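Look at the two complexes coming up: chain A is in both, with chain B in one and chain C in the other.
This part shows the complex of A and B:
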């Protein structure tokens, strides 16, 4: 008899629910007589809602910290990430339902199952305690996102999907090679082992050559840096953001970054904790390059989706800045930043979707000229999101930047904080330029705003959240504080 | 610790020596009588068919290949499970049922979406014009090239005569 590990499915119940309802949605799509977004949306919400409830039930988990043969960790860290990711999936589904109603011919019911599958991969990657499970979850979310990128079948979208797929497959190979090296170094793929020593225990007990462990670290950095779009592994980001349908970008931009960063935190701050002195300089370098490249190149962009893509590269750098601290302060700062960033990204791309009723082609800066006169509500919401991206009070983006910089300074990395602050000033230029276009230019001719109500409400709620978090950050930091201590 | 990997290095060296050595040995020992038929892909009499207009296949073949892989992988998992069915017990049975159920869902989806239908679903409705144009251009070009006899047969015939 081959022994099976103790089966405790409650910690992965959110993922099981998401996958189940993704399959239900897939079968519905196969048998539906005519394309109709409403049942699809209902199925997706029925999956996401209970998944959030079961995730919440894990907040006060009293069972073992690692379940299913030490492959899945149960901690508040993963509960926080699940909430953010499920929220992003919900907003993404709302956006797509509206987006599809503009052009019913382009509606693809597969959006909802694919989003649920991607979310299942994302939530699993943040809870995974085994590099193989991380890889599996990474592939689940990546493959779903490749298809989502090209879901409209338009030329731009297909091109973006192809680029994303080729580069993504390449980076997955790097990651997998890193996993193999980590196994070579530690004879385990578990990050923390309970039954047998995991990577952290093996590395902590090692003397002598660490060549294999360092090689593993380098390859894992490449794999993660691609997913979080940190420079110099960012090349796909602008093309994919520009080409993919806007609701997909909203979901992908917000959720992928959260999922990949949470997994990165667990692998580096827990698994490679004995190598902290070796990986912090790498993260430091990536942070500097990402911040500078993202902020400087964004100045030259005239397409708002590309601009937000480069801004996302810069934000990856800011989050890495917090992680150079390599302690629970840094992790807490990065988590706060990620939550704020996810909310802002979802909101900003929602507005991008609504700025023009004809959607995909009109994402250039000229389409934003005079938006305040055309639809003042949209312009006001966009202003809130842009100010938050620029890190200007009283928005959550400001608090997020302050916390990551103070974490970096606390760890003695003050030159990095200086680079970050200077780059923030540079970045303020292109964020404010969009605001100037919206408020001080004559309205562009022949562009009509989309009058969708549901995405407006969603974006309004997100903007309110940004301002509330900016004024009362304690609401979130109180939740994040117990979650930022990743146990091992 | 690296010494443990020595057998792999030895194996790689031996493989290289064997490959190079056998090629060199045969080139020194064999009689040298070049003949065009020897260069054809199959010496058993089937003429290789050169595809029209370079190396293009209908994209449908790729779909079939992808669908094949789904069921191929299913079999790959079924075999080891069948071999160790008794030692895996009820847990293995349930897991395999879940796995086959998932593949079956994929099968139902493909079937309902017309994935097995050779002639249906060629062109997405929102891209019709562009695709039709492209296909038409491709089709006319390949027809022209088919009309020209491929040069494969020429030397094939010459080979037989010689």
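This part shows the complex of A and C:
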């Protein structure tokens, strides 16, 4: 009687696995006799590993491109993002296991299930082909992250969580309003419709209302700009980065940006593709403001976590620079940048965690004075990450900056590239200042770093990846090239 | 003037007035009551838009269940425990009014250009074919069944989130710690939630 859509669950198997093992983790936490992070870590890895395998199986997907009533897209674009996000979740869980072992009083087993739920939301948002699913996935990841931010219950963390929650709820309201307006414009919430015309078909055929579509575009930009912490929607970033536990910041900083940007690319480069001439100036403006605010305000920061927060705002601007070129070159450049940024962020916050020997102590710049003498390994790794953030060869950050600038210039946006290059020079100052502190200052008394082995190995692997990608970027671009063509 | 328009123009000012009232009153219970009025007006709007199912759901779920829980929480935390609000950045206030007004004008113009006013799109009648409730069920369990499932995960996470924030692990406190805490009232650890509300 009522035609039901085909139930094809293979494309969302990664999300199903993540949610399943998140629930297993919650059940374990309920029955665990004593707080012990190791079984939790094992459960999380058992969820993340198979999720990655099932995501890989989608690389050569031969079924329909849109499944489950056209709400989920199956393409290589989403497979790439799933790999990055699952990797970030894995590293985040590793860090937290170490973080908990040195401060057992603050350990909360719910970290792992919440991380898996957040990851499920993030991977879903990059595959979603329906604005309602994007909104739900956005809420799923946001809710988990609000709680993760305040999970230790320290005063600073609780304050950060509250701030993140209030501003995040506000931005979600804008996003939802945008979804409603998009429905008004196109009488569909699907980005690409197969069974019935979606947003892109309605806008391309000019069957919808242009005025409502523009309003929808503006409101959706607000929602996404908040999540990727692009200025002027960045106000929460420094406080949340500073207040949240460092393993959470490592995961959140890397993964949220990847997920939100991938969703933004799908909504704007696919769904609102007929409005390209209207949204590129908006992205352009956001890019300029983010780059300038992030780079200039970071100079005044004395806390390394705050410094990295402002740097993340500037990096959001650089990624937006690539997206001003609304073509596969721009998408590919942004994807390369995102992968490089995710790896660097995970690594840099790993070092921050090790330098702050317990809890969130010792995050000020003074704690880094003479780090090279106390623990040369940490200082060397941090140097690699800072050089990559500053975009200095031979690191992946350099290649990433070059690709986004050349994509912007290719689209005729050379003034934006000039702003980006000038801001990179300014930004190099505060990255190099940290390096100077580590190598040329006398170590302060009474400061000791943590000697955790596992986070060191993880950070070492990430640093090696950064250098390898900086020298042989072809490894990654070869993978991204077939993935960066988002069609409809 | 059709009946629809009369009902709309009666309820529209009430809904806006109740929304503004909710923001302006100091007492949390009064604010919640204003919110109920607002929810009822919204329900009437749904009815006017030929969505009787949403009308019923709005009243049962929002005005009924959620508001009762809301009042419950307010009463539990204590009505008078309102925190005095210090406005630090007074510059923001005129700016917020200006941008808010600009946003309202923008919405007004875009909606006017987009769908116009006081017209009912023919799509509503085709969408409601076979009854509104049946139409909602049909779309919810076919086209939108996957978002429906995602919502269940979202609610699960919300439940976990509430539990994590509210349930701080109880630990045995030694007399020495109490003495130490008495000396320094501003400790790093957050107090247990709801401790202030206990008699």
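The definition used in the following text is that the second predicted complex is superposed on the first by the 481 of 488 C-alpha atoms of A that agree within 3 Å, B and C clash if a C-alpha of one lies under 4 Å from a C-alpha of the other, contacts with A are read in each partner's own complex, and residues count from 1 in each chain.
As a convention for this text, a contact is a pair of C-beta atoms (placed from the backbone, for glycine too) under 8 Å apart; a residue touches a chain by one contact, two chains touch by 3 or more.
On a predicted model such as this, the values are computed, not experimentally measured, just so you know.
In the three-chain model built by superposing on chain A, chain B clashes with chain C. In the superposition on chain A, A:154 contacts both chain B and chain C. By the touch criterion defined above, A:4 lies against chain B and chain C together after alignment on the C-alpha atoms of chain A. By the touch criterion defined above, A:26 reaches both chain B and chain C. With both structures placed on the common chain, the touch criterion links A:376 to neither chain B nor chain C.
Of the two partner chains placed around the shared chain by superposition, chain C is the only one that A:140 touches, whereas chain B remains out of contact. By the document's definition of touching, neither partner reaches A:482: not chain B, not chain C. With both structures placed on the common chain, the touch criterion links A:64 to neither chain B nor chain C.
Taking chain A as the reference, the larger set of touched residues comes from C, when chain B and chain C are compared. Aligning on the C-alpha atoms of chain A brings chain C into conflict with chain B at a single listed stretch, 117-125, out of 27-35, 117-125 or 135-143. Touched by chain B in one complex and by chain C in the other are residues 2, 4, 23, 26, 153-155 of chain A.
By the touch rule above, chain C contacts chain A in their complex via residues 106-107, 109-111, 113-115, 123, 138, 141-147, 150-151, 153-154, 156-158, 160-161, 163-165, 168, 188-190. Within the complex formed with chain A, the residues of chain B that make contact are 84, 87-89, 91, 102, 105, 108-109, 111-113, 124-127, 130. Considering their complex, residues 1-2, 4, 7, 23, 26-27, 29-31, 105-106, 152-155 of chain A touch chain B.
Contact residues on chain A toward chain C in their complex (touch as defined above): 2-5, 12, 19, 23, 26, 68-72, 108, 110, 113-114, 117, 120, 124, 130, 132-133, 136-137, 139-140, 143-144, 146-147, 150-151, 153-155, 158, 181, 184-185, 187, 195, 209-212, 214-215.
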